[in-house]
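Given below, in the form of C-alpha cells, are the structures.
You will see chain A twice below: alongside chain B first, and alongside chain C after that.
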Partner chain A sequence: MFTLIRREIADNLFYVAGAGIVVVFTIWLWSYGVFWAQEPEMTGVVAGFVIPALLLGYFGLGASQMYGDRAHKISTLLCTLAVTRNRIFAARVVAGGLTVLATILPLAVTGLILLESSPLFAPYRGRIVGEMTTTAVLAGFACYCMGLLSGWTASRVWLLAGGTVLLTLALSIVVVKGVGIEAVVVLLLLITASLVVVWYRFVSTPL
Partner chain B sequence: MDTRRRNLIAIPAICVTGMVLLCTGLFWARTYCAAQRDSLLGRSARGASVSPMRILGPSRAVDVGAASPLIVTAEINPYDLPQAQLGIARYLRPLWRRSIEGYDRNVYWQDVWSKDDVLRYDPSLGLFVYQRIAKGVADAEVITKYAGPEGIADEPDGRIGRFVSPIAGGIQERTQVVYDPRLKRFFAIEWDAETPGVRKGPELSKDAVEREPVQVGVIWKNSNLIRINLPSRQSATPWRVPYWRADHVLVLDASGRIDRLDLRTLDYAGFAGRLSSPIPPIGDMGTARPMDLAAYGVCGFEIAWDDPPTQWGYGGCAVASLARDGLALRLEYFDPNGQTAAVGATTATAYDDPRAGVVRLGRPVDSAKAAYFLLPGARGLTWMKLLLENLHPPVLVLASYFGGPHFEATSGYRSIFLLPDSFVAMVARGCRGEEAWKRFFWTLGYMLPGLFLLGLLGDKLNREAIRMGVPRNVRKAWILATMFLGLPAYIAYRMTRPNGSLVTCSNCGQGRRADQDKCHRCCSVWEVPELTPPAWRVVCAPEQDLDNAPAPAQETRQSA
Partner chain C sequence: MNDKPIVIEDLVKFYDGRCVLDGVSLQVPRGCIYGLLGRNGSGKTTMIRILLGLEPPTRGRTLVLGEDSSGLSANTHGRIGYVAEGHHLIQSYKVRRLVDLCKGLSLQWNDEFFGQLMETFRLPMDRKVKDLSTGMRAQLNLALAMAIDPELVILDDPTLGLDTVARRQFLELAIDVIQRQGRTILFSSHILADVERIADRIGVLVAGKLVVDCSLDELKSRVKKLRVIFPERTPQDLYLTDIINSRAMGREMVLTVANWNPQKQAILATFRPESCTEMPMTLEDIFIECTRSAPAVVPQESEV
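Take a look at the complex of A and B:
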C-alpha cells in the first residue's frame, strides 16, 4: 500500500509540488502583510489569487490521477500484479488527502501565529482558525473529489467542461453556507457520496 | 463484492451527489433570478415616507408643518442586496470590519485597538464582565468588574447571583438594560456611575410575564439592508431624536410587539407599537415576528408639547420593516399611545397595457406584486422562478411548504436544499386564513410543472426498464424514487441501469437480454440447437488412414 501511495505522489509530483510552492508563497505574503502593515492588500491577493490556485491544484491532482489512469491504462497494468482495484483506489485517495492536509495545515499554523498579533481577535483565534481550517480542508478535499469524478473519462472536452462546472458548484457550497458547521455537514455529505460514486465507476469499469 | 451489493451502495451515493450538485446549481439560478427582479424596482419604488404631523394636534401641525415638517423616510438599500447575505459574507464581514460584536454575540462592546477594553457576558459565570484600562494611570492598570442580578463586584462572587441567558442592550448613558427570562424581570446595570450598582425591577405582571423580549434598547436587524432617514432638526422644532436619552427604552417582543420600558421603575410603561408585515406578492400579510422580516429598524422620537419647546416627552416611534425577499418595505409611525398615526409602503407604478405601445401612468401597486407580475420583464422572471423551483426534488419542495411559516426570513439567502422563499412556502405563510385543503390545492398547483416533468421521466424510465427486463418491483421502486427525489433519482437510474445489447427472442420476436436464462417478455428459455456433428468434411489433401498414421513425435524420431 505504501508503495502505491508513493507511486501516486511521484506520478503527480507536478501538482503536489505546485501546491507546496503556493503554500510557501502564501505564508510569505501573510507574514509580509502583517509585519509590514500591508494586511488588507495582502489578504486581497491571497483571497483573489492564491486560494483559487490552491483549489484548482487539488482539482487538477484528482483529475490527473483518474484521467492518466484512463488514458494510459495504469490500473489495468497494475491489476495484472497482486493488487486489487480497491487498493489502487484507496492509495489514490490517501495520496490526495495527504496532499490536502500537508498544504492546509501549515497555513492554519501560520494563521494561528499571526492572529496572536491582533488583540481584537486574539481570544477567538483558536475558534476562528479551527473553523476555517476544517472548512478549508473539506473544501479542498471536495475539489479533489470533483477532480476524481470528472477525470474518469476519455474525453478532454468533458474533463474541462464538466470539471469546471463541478468545481464551481462544490466551491460555491462554501460561499453559500459560509464557514462553520453547516458547510462542514454539506461538504462531508458531498465528499462521501462522490467518493462512493467514483469508487463504483472505477471498480465497475471492465479491464 | 457482487454487482447487486455494489449497486445498493452506489445508488444512494449517486442520488446524494446529484442532489447536492443540482440543488447548488439551482440555488445560483434562483439567486440570479431574484437579483434581476430586484433590479426591476426603480429608486422611487424602494422608499416610503410618512409625515405624522397630526400627532401634534390640528393647529400646531399646520404651524410646525409649514416651518419644519416631521417627515420620516425609509428606503431599501440599493447597494446591499438581501441576496448578498451569503454565508461567507456573514462570516467574514465582522473579521473584515474588525467588529467582534458581530462574531461573538456575548460581546456587547469592544475597543477595536485594545483587547482589554470590553463589555461581554460570560456564560460560564452567568455574569456581565466590564473591563477597561483606568484613565490617567501610567502603567495602564486594567479594571475589571462583574455584574450579576444582585450587584456589582470586583471578583466573580456567588453573592451577586448569576444571569441565565439574559437579553441585554449596549451601554446607553452609562446604563445597560438587561432582561433575565428566568427571573422574569428587568435590571439596569450602572457601569460608569460614581457608585456602580445594579437596580432590580419589579416582578413582571401576569400579562407581561407571558412576553418574550428579544431585543432591548436599540432595535435593529440587518441594519445594512434598510435606511431610516430623519429630517434635519432645527433648534425650534418641537421634535428630536434619538429617543434613548430619555427615561424610556424600547423592548421588542418575539411576537413583534414593541413596548416602552420605564428606566426609573424598570417596568413596562405602555404599548409603543409593533413590527408590521409588508404586503407579500402572494396571499395576505402574514405574521410580523422578528424572524419573519429580513430587516427592521425602530426609531423613537421625543416631542415637545409646549411652544417654545422646553418639556419633552415620548412622541412615538417609526417602525420600518423589510419583507424577506427584499422587495417591499413598510414604514409605520405609532403615536405615544401606540396607535398608528401614519403608514407608508413601497409602491411601483404599473403602466396600462405596455404592449399597446402607449405608456399611460397607472395606479400605484405594491412593490412586491409589481416586481412579480406587473413590471416589464417581471412575469418572465416569475415563470423562471417557478420552473427552477419545479426542478427541485419534490420531497424538498413539500418540506419547504410544511416548514414555510417557521423559516427565519434571511435563511432563504443561504438555503441550498429547502426553499424558504418559494411559492409553496409563500402559500403556507400567506394563505393561513384559507382552509387546509385549499392551501394544499394551491401548493399542488405550484408544483404542477414539476409533477408533469417527473411524470414524463417516470414514464420514460418505465418503458426503458421494461425493455431491459428490469423486474416489476424494481421498476416501481425506481418510479417512486423519481417521483419523490426528482432528477437525482433519474440520473442514478441512468448511471446504474443494466446495459448490453438485446438479441431477438425466437419465441416472441422482441428484444431479450443475452445474460438471462428466460426471455423477460415471454419467459421462454433459450432454444439450444442439437449439436449433431455433420457427416461431411472439408479436406485439402487426399484422405489418409489416420488411425494407422504415426504420431508426430515418432515421425520426428524416425527421421532423425
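Take a look at the complex of A and C:
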C-alpha cells in the first residue's frame, strides 16, 4: 500500500508540490501582514486568492490521477502485479486526502498562531479552529473527489465540461451556505456520492 | 497447488453486439505449455484479458489458480507473470523506477534471475521506457514477469516486435522457466514455428470458437492431408465427417480430414481410388487449414 501511495504522490508531484508552494507563500504573506506590516486585513485578501487556487489544485490532482491512469494504462500494469483495483483506488484516495490535509492543516495552525497575536481575529477564534478548518478540508476533499470523477473519462471535452460544472457546484455550496454544520453535511454527502460513483466506475471498467 | 491452473467454462463475450468468444471451454493442466493460436481478431487477447480479470465476461466462468477471475486476490495476481500484447509499461518512467515499482508490489522477487535477464537483454536502467525500442520493451516486460518467480505465466504474443536473436533468447528462457517444477505457461503467438518448438498442447481459436484443443502430437496424428486420385471424376460426396477442407481438380482431390481413423480409411476405399497419398503437414499447414474453413472440432473422436 505504501508503495502505491508513494507512486501516486510522485506521479502527481506537480500538483502536490504546487499546493505546498502556495501554502508556504501564504503563510509567509500572512505572517508578514500581521507581524511586520501590521496590516492584519491583508490575510483576508490573500485567503480570497489562495483558497480558490487550492481548490482548483485539488480538482486538478484528482483529474490528473485518473486521466493519467487511463491515458497511460497504469492500472493495467499494476493489476498484473500483486495488487487489486480496490487497493489502487484506496491508495489514490489516501494520497489525495493526505495532500489536502498536508496543505490545509498548516494554514489552520498558522491561523491559530495569528489569532493569538491580533485582536482583529478575536471574534472568529472559535470558528477558525473548528468550523472553518473542517469546512475547508471537506471542500478541498470534495473538489479532489470531483476531479477523480471527471478524470476517469477518455474524452477531454467531458473532462473539462464535467469538471467545470462540478467544481462550480462545490464552491457555490460553500459560498451560499457559509461555513458551518450545513455546509459540512452537504460536502460529506457530495464526497460520499462522488467516491461511490468513481469507485464503481474504476473497478468495473475494462482496463 | 492446483492441478488445473486455468479453467474456462462456456466463456462468451460480446462487444457492441458482436460475438468475440462463443462458448469457449478449456482446461490447462499444471506444468503444461499451452500454445493458443488464432488469426487477428479471433479472440485470443480477449480470452487472456478475461482470465486476468481485466475485462468482464458476458457469460461463463474462468478460474485462475483456483480463483474466479472476476475477483482475483492480490496474492493470486502475485503468482501470475503476464506479458501483454503491446507491453503495457509506464512510458514516462525510467527503467530503474519501473523495476523498483514492480519489485515493491511483488510477493517475491528473484534479484539474481532478474539481473541475469537484464544482462542477457542488455537493457539500460537509466533510460525512459518510451525511449526503448519495441523489442527492448518486450524484453523488459518479459524480465519483469519472470522476476516474480511466477507459478503461472501468461504471454500474449510476447515475441511481437522482437528480432530473430531476441526471439530465440525468449524461447530458450521460456523452456528454462518451464523446466522449473510446477510452472504452467499459456501463450498466444502468431509465429507458429515458436509454438511448435515449445508448446506441448495447442488450442486454435477461429471466430471465437475453440476448434482445436489437444496435444501437439495428437493434433499432428489426427489431422491428415490426403491427395486422392480417382479413376474417373471425383465423387460429389465422400460421406466422411470432419472434413476440414477439400479441393477437387478433375480426377484429383486434396482433402484435409480431422480425426482420421481406419473407418474413414475404409469408407474412402469404397470409392476405389487409384492412389491415396498422405501429404506431410507442419503446424502451420494445420493452422491454415483450420482457420480458413468452417470449424471442425478436432479433439473429439467422431463415429465415422
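By our rule, the second predicted complex is superposed on the first by the 188 of 207 C-alpha atoms of A that agree within 3 Å, B and C clash if a C-alpha of one lies under 4 Å from a C-alpha of the other, contacts with A are read in each partner's own complex, and residues count from 1 in each chain.
The rule is simple: a contact is a pair of C-beta atoms (placed from the backbone, for glycine too) under 8 Å apart; a residue touches a chain by one contact, two chains touch by 3 or more.
On a predicted model such as this, the values are computed, not experimentally measured, just so you know.
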Partner chain(s) touched by A:Ser172 [first = chain B, second = chain C, both, neither]: first
A:Thr3 in the overlay: touching chain B, chain C, both, or neither? Say first, second, both or neither. second
Pick one for A:Leu81: touches chain B only (first), chain C only (second), both, or neither. second
Once the structures are superposed on A, label A:Ser117 by its partner contacts, choosing first (chain B), second (chain C), both or neither. neither
Look at A:Gly180 in the shared chain and tell me whether it touches chain B only, chain C only, both, or neither; answer first, second, both or neither. first
Just checking: does A:Lys73 make contact with chain B only, chain C only, both, or neither of them? Give me first, second, both or neither. second
Once chain A of both complexes is superposed, is A:Val196 in touch with chain B (first), chain C (second), both, or neither? first
Between chain B (first) and chain C (second), which, if any, makes contact with A:Thr164: first, second, both or neither? neither
Given the superposition on chain A, which partner contacts more residues in chain A: chain B or chain C? B
Check chain A for residues that touch chain B in one structure and chain C in the other, and list them. 204
Once bound in the complex, which stretches of chain A touch chain C? 3-4, 7, 72-74, 76-84, 87, 204, 206-207
Provide the residue numbers of chain C that touch chain A in the complex, in ascending order. 49, 52-56, 72-75, 77-78, 80, 82, 84, 88-92, 101-102, 104-107, 145, 148
Of chain B, residues touching chain A in the complex: 3, 6, 9-10, 12-14, 16-17, 20-21, 24-25, 27-28, 86-92, 95, 98, 100, 103-104, 110, 112-116, 414, 416
Mind listing the chain A positions that touch chain B in their complex? 119-124, 128, 149, 165-166, 169-170, 172-180, 182-183, 186, 189-190, 192-194, 196-197, 200, 203-204
